[in-house]
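Common to both upcoming complexes is chain A, partnered first by chain B, then by chain C.
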Partner chain A sequence: MEATEEERLLLTQRLKAAVHYTVGCLCQDVAEDKDVQFTKQTIAAISEITFRQCDNFAKDLEMFARHAKRSTVTTEDVKLLARRSNSLLKYITQKSEELASSNMEQKEKKKKKSSAAKGGKIPGEQEAAVNESEDSNMA
Partner chain B sequence: GRRPSSLQHKSALFSYVTGQKQIHGHENWSLSPEEFETWDRLYRIKESDGVKEPILPQTRFETLENMEEIPHEEEETHKLSLSEWRIWQNHPFPTFVVDHSDRCYHFISVMEMIELMRYEQGDCSYELEIRPHLHLEDVNVQRNKSHLLTTNS
Partner chain C sequence: VSRRKTSEPEIASSLIKKIFSHYVKMPVARDAFKIVQKCSEKYFMQLSNDLEAYIHHAGRKTVEMEDLEVLMRRQGLVTDKMPLHVLIERYFPLEYRKLLIPVAASGNSVIPSK
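Showing the complex of A and B:
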């Protein structure tokens, strides 16, 4: 029991370190763009806020998916996170559409490839294969 | 204090809504003449009150195209501030019937963390604690040009 608690703490620290590093990079971009400097303490605070915000997001996403009787979180749930601000919702929706269309393109390519390679495949089977890859994209 | 009196006002309003006498005239969404009179006399902010009308700050995104309409900011309003009393916010405030939420506790924790870092100069205790746990495979190393690993601010 104690070992798992320790493991959990280590995983938390590891994740916090990754978030902190990435927040630092993003802040660097903003700093250059706006010609300002962030103190290390500011970056640490933004990083901790981001880490904790992920807890809010994760719990909400799980609830949104369950509300739609799904166990897999989809882009629809992510859009719901952004529902309170029109600007944010528009931005996220646009990104989601871009993702969807690039996924479609890749799927089309795959379809062509697989149908070219395996010539006479039963249409139903192929469909199932596509659906499988769709699921793994979402996970 | 202010809280009890505002609660009294609230319960006074509730009793108007639920009071027997009021229910008859209450098929409309709007105030009845009696209710309007009460509102006008006790709660409505008038010029003679010498207080500015309270308004909430509008959401604005620094990094996004803003769609929300920008309200014409009048001098006569009092914009309610969510940061003016920040030094009070590293402890949970009292509650009445609604408990603090998880995100509220997150907020309090971060305010406390900021308070503890406030007088730090140079080196950051958070960074010193967390940095050894960084696994480079967790992050986008393409961005590694960042000066963060090397600079001292």
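Showing the complex of A and C:
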């Protein structure tokens, strides 16, 4: 993807805005659940942290995939990323199993050989990021 | 490929002391050294666990140089601005450097051959 500086900046800003919005929604849920208030600065800070954390995640996932001589990031890479935190690893493994089983069900429903390979990469990554922003217990 | 020979279950405490006091550049209490030694034991445990995960991930049974590089990248020691070779040159004595970094030799051969 060849993008000029301006386009890149626009894309980055759009991404950041999307992350900020999502973090806002999640913080609202937590606020209702725990009966606390989040200042705007707090939400902005959390979204910035999430954004940069995703940067790290992306680089590490790329590295892990390349390490296994693959060019596609799989759930295995995501599990390796979450290895350091036990609870997170448990959660990710559970989620990936759910995804795998649902994929299997879909395949059985379709009964088609030519099913596009749906990697559980993006949901997994989002889960990681979401989990991160919720309890941020990563060492 | 391991960074240091640890045939015994632990590194000699005198060596840990030497290295630590070389970098810390200020007096260190005796119990602090004990803690440092405990930490280094724990560090090696974690190191082996991580390496095991990485070689398992690559579908191998042998630890290789690239696993170490992945590990150090993950630890934030190796970055795009700080390649592994630079770290080796900076922290390793010459004889180890020769073993790790390929050097062109006469007769169109490169040492080490890998």
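In the analysis below, the second predicted complex is superposed on the first by the 108 of 139 C-alpha atoms of A that agree within 3 Å, B and C clash if a C-alpha of one lies under 4 Å from a C-alpha of the other, contacts with A are read in each partner's own complex, and residues count from 1 in each chain.
Quick note on the criterion: contacts are C-beta pairs under 8 Å (C-beta built on N, C-alpha and C of every residue); 3 or more make two chains touch, one makes a residue touch a chain.
Owing to the predicted nature of the structure, the values given are computational and were not obtained by experimental measurement.
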Touched partner set for A:101, first chain B, second chain C, both or neither: neither
First, second, both or neither for A:72, with chain B first and chain C second: neither
Contacts of A:49 with chain B and chain C, given as first, second, both or neither: first
Partner chain(s) touched by A:37 [first = chain B, second = chain C, both, neither]: first
In the superposition, chain B vs chain C on chain A residues touched: B
Which of chain B and chain C A:86 touches, first, second, both or neither: first
First (chain B), second (chain C), both or neither touched by A:25: first
Residues of chain A at both interfaces, chain B in one complex, chain C in the other: none
For the chain B and chain A complex, residues of the former touching the latter: 59, 61, 64-68, 102-103, 106, 109-110, 113-114, 117-118, 120, 122-124, 126-127, 129-135, 138-140, 143, 146-148, 153
Parts of chain A lying in touch with chain C, wherever the complex brings them together: 60, 63-64, 67-69, 76-77, 80, 83
Sites on chain A touched by chain B in the complex: 10, 13-18, 20-22, 24-25, 28, 37-41, 43-45, 47-49, 52-53, 55-56, 59, 84-88, 90-91
Residues of chain C touching chain A in the complex: 50, 53-54, 57-59, 66-67, 70, 73-74
